[in-house]
Amino acid sequence: MKKLINDPRNVVRQMFKGFVAMHKGRFRLLDEVNVVVKSKLDPGKVGLVIGGGSGHEPLFLEFIGDGFADAVCQGNIFAAPPPDVILAATKAADRGHGVLYVYGNYAGDNLNFDMAAEMAEMDGISTATVRVMDDVASAPPERITDRRGIAGDFYVIKIAGAACDAGLDLDEVRRVTEKAGNNTRTMGVALSPGTIPGIAKPAFELPDDEIEIGMGLHGEPGVRRGPMEPADALVDSLVELIAADLPLKSGDDVCVLVNGFGSTTRMELLICMRRALERLDQLGVKVYDAQAGNYATCQEMAGVSISLLRLDSELRKYYDRPAWSPAFSTRGLFQRGTLVEDSGCRC
Amino acid sequence: MDSMSAAQAREMMIYVADVIVESKELLCEADRNIGDGDHGIGMAAGLERCRDELRAREFTDVYDVFFTSGRTMIRTMGGASGIIFGMLFHAGSRNMPSQSEIGVSEFSCMFEKALTEIQAKGHAEVGDKTVVDALHPMVVSLRHSSESALPFKEALRRAYLAAEEGKEASRHYVAKVGKAKALGERAVGFPDAGAVSLSVIAKAMSDWAEKNL
Amino acid sequence: MKKLINDPRNVVRQMFKGFVAMHKGRFRLLDEVNVVVKSKLDPGKVGLVIGGGSGHEPLFLEFIGDGFADAVCQGNIFAAPPPDVILAATKAADRGHGVLYVYGNYAGDNLNFDMAAEMAEMDGISTATVRVMDDVASAPPERITDRRGIAGDFYVIKIAGAACDAGLDLDEVRRVTEKAGNNTRTMGVALSPGTIPGIAKPAFELPDDEIEIGMGLHGEPGVRRGPMEPADALVDSLVELIAADLPLKSGDDVCVLVNGFGSTTRMELLICMRRALERLDQLGVKVYDAQAGNYATCQEMAGVSISLLRLDSELRKYYDRPAWSPAFSTRGLFQRGTLVEDSGCRC
Amino acid sequence: MDSMSAAQAREMMIYVADVIVESKELLCEADRNIGDGDHGIGMAAGLERCRDELRAREFTDVYDVFFTSGRTMIRTMGGASGIIFGMLFHAGSRNMPSQSEIGVSEFSCMFEKALTEIQAKGHAEVGDKTVVDALHPMVVSLRHSSESALPFKEALRRAYLAAEEGKEASRHYVAKVGKAKALGERAVGFPDAGAVSLSVIAKAMSDWAEKNL
């Protein structure tokens, strides 16, 4: 597998360097550790630290910004950052009002963030934690805390960033963010594997005419393998699995994210988006906002996931808060200019 | 010889690091079967850093050797294994009074504490398809060797055999923890990657003791 | 090759449908033809129509918006749109002040857009044309009009959109846009091919350890094949080829786009960005703005191109004009809020 | 028989469409060698639409058959070939007085106009590795057949042979137009995809005439 890298051992560091250089002045990179921090932090607010393994870009790195994370820390490819790195991000993000951690629910992340939280506590920084567990495929509802965090991270981070930005205290930020997590679900389907830089073998093998429903963002096996199907049939399955799990009912308001795993073309994402919106409409569900793109990837894996965030009036308020990050920003001109009455909203 | 000096512990850990670095591909392969395929990368990188730290100076305190190893792994590795394998050496050596040498009993005690702390943080039991499947029998064996006053060499040989057996047993389990969790029955037949690492570490210790104790 | 599609014959139509559904209300899709138009067009301005073959998304489709194109028309995969389709876009975009066409310089596009221009003329709509020919690899400087248009399309479209938005007349819009074209250069390197939906075979073959410098966005052969090299060495080659061609001199101001062809990870793009900025700095070139992303793709081709837009004060003025499109928008919050002094500018 | 009626022209073009649709993969392959690999897709889709239009009604004007074919291709195909192959039928049939049948001379004249317009719009000469490489000799052959008053069947047979020869000759050229331009010497050895199409079209016409005229 050819990759545009220099040395597999420094891919993460060089990526961080490229990121801060490209956004010159906006973010700073800490010495020694793979942590980026906003150059200017609003005082008086709870800090938001997100992170996890590398290799899922733009997640987590590029969800830093106004109304998004204050600091991002990443470990090696597919490996949670060490506690010392998380602690450095925590210290950088703390403005005396504590720090919220938002990350995907994996053994490695849990262990490292928990240890970092203990270390922060010793240094007098309060922390709170929301683990994202949106992946419907990864465990049945009765074992929901066994579920992994995948593309739904985006929604939970967006709401957490808005809650911090709104000036809520740590407990309230946690409560609102947890609510976002409880209302977020994702189902994905993988078509072909990604590869880890420096490792020739892909993470898994998938026959030329087969797909895997529910495969995880690190190639973890999903709920079933089956023959390739038309996009509409696959999208229908994903939407229905989510709808049954939430459960979604007619009249509900949702945001929809059609997420590509890496090498899936925008053409395919938009074809899937088309069907997802059709299917939700058939279910009587109202779509408040929708986006398609690579939000949470697994290197050059091919496939797509669909995430829904079910909104109530409180979540909608935080979802609507203007925000800017390199990976996603609210509607810019459209909110200020010609289409202001339609700002980010499909109601 | 019934004790291990700080210098010997340092040599042993450097040897363990060498073996893990060489086993990188094997450990990735094990993780590829039922995890995300990166276990060897993390372990090799972490133990390389350990080796650098250990080589950088002399040690007079045995616990300092293990503490330095464990703390370095925790600080640099990340991933589940950074904490789990870091604690393997860190949990039982942290806050211990300085010792120029230790016997099987202290050695056994160190790993017993590690098991306790790994289980406290990771919430895994034997049969959940984690490193605990191999560590638990290894700790039982070490305790027994200590009670039977077996020499270090023999204690480490038995510890390895117990770990290896535990690793093999992990093949039969359905994962309840870690990235293989979602696999269900499909994980059966493959050993847990962390258990493979532990068995490699235990073998390296035993091999080193065979030649040097 | 597995793709998330329903039928290779309707991929383009279904993509357009997904696009307008996702942006509900913002754009409208014409009946029968693959043309999207902004729902609200500022009166009194020159219209901007862009287009080309499909399969390069987000180009052209997603460069519609405020300060971007008014209408976008696309043909089938890798095929210019027919003149009748371009004419429909032209009529939709015209507000009585004429329409500028911006598209890549390919035989098929030239033939179809020229015929559309004739048809528009017959219907009383004046048009002007700027063909993008940024691909340094595709012909030597003395045959510059033989060069293809690739990722540099982005800069030329951005400037054209700003010029239209600023209310310039058709001649002036053309002049400014041509100036942008004359100051835009791109060099790319391909690592692996993409595939056309419905066609099993990739467009070309590339051995496992080889790359092709200068390969086109449809898999057209480039200037040389060679062994895979570290990212920094490749980036240096690309930057130097562009620098020699422009030619770039110490003290020049440029914008930099590191463009992925489809399946290249953001990690790789940012690693390449890091080196491109370093190398430009060594050359004494000042980087005004920089972005990394998939702007002009070739399905799931792997590889990267580097585009430079050399700015003078006039081009900078248009580059700086706030703009919003689904694929790219100027900095949003950062321009209005905390980081306003750094708005989009790296000077 | 020395003339072609509107009904016959319609049958012939339907047959041409059938053959092009069947040749889709062949034409893509030709374009894959030195272009972007889509030529067969466009041609097959365009001629399928043509076929639909021709089947949808009866024709009394021969020129209307070719005009309808050409205009449909221009309207629906896109790509270089939409204009080039559309004009092949459209340039010489557009604005012509209605004719219930035509002879070799009118037929030849139609393709001569097509060549002129294709060159006027596309700026390609023989030797630039385009459809012109096959179309030029075909037109020369048709003109000669017309001057020699050869029957339709023979004129079409010779037209095909000339187009085929022109297509083969295109192998030797370095492309100066179209997506193969950048290939330089690397394009040598492969025929131009559009020339392949033209040869397929000419052969289909000749085969049809062999059986039906």
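For reference, chains read A, B, C and D in written order, and residue numbers begin at 1 within each chain.
By our rule, a contact is a pair of C-beta atoms (placed from the backbone, for glycine too) under 8 Å apart; a residue touches a chain by one contact, two chains touch by 3 or more.
The shown structure was predicted, so the numbers you read here are calculated from the model rather than taken from an experiment.
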* Asked: Which chain maximises the distance between its CA centroid and that of subunit C?
  -> B
* Provide the C-alpha centroid distance between subunit A and subunit C, rounded to the nearest whole angstrom. => 28
* Could you grab the centroid distance between subunit B and subunit D? Build each centroid from C-alpha atoms only and quote it in angstrom. => 75
* Structure fact -> When centres are defined as mean Cα positions, the distance from subunit B to subunit C in whole Å is 54
* To do: Averaged over CA atoms, how far is the centre of subunit A from the centre of subunit B? Could you give it in whole Å?
  => 33
* Asked: Can you list the residues of subunit D that touch 2 or more other chains?
  -> none
* Residues of subunit C that touch two or more other chains: which are they? -> none
* Could you classify the connectivity of these chains, where an edge means two chains touch, as line, ring, star, complete or other? => line
* **All chain pairs that touch each other** => A-B, A-C, C-D
* Touch list for subunit D against partner subunit C, complex -> 28, 32, 35-38, 41-42, 45, 74-84, 121-122, 177-183, 186
* Please name which positions on subunit A make contact with subunit B in the complex. => 9, 53, 75-85, 106-108, 111-112, 114-115, 137-139, 146, 148, 196, 198-199, 201, 203-204, 214, 216, 218-222
* Using the touch definition up top, name the residues of subunit A that touch subunit C in the complex. => 2-7, 11-12, 14-19, 21-22, 24-26, 39-40, 42, 54-55, 57-58, 62, 65-67, 191-192, 197, 208-209, 211, 228, 230-232, 234, 262-275, 277-278, 287, 290-292, 294, 297, 299-300, 302-304, 322-324, 329-334, 337-339, 342, 346
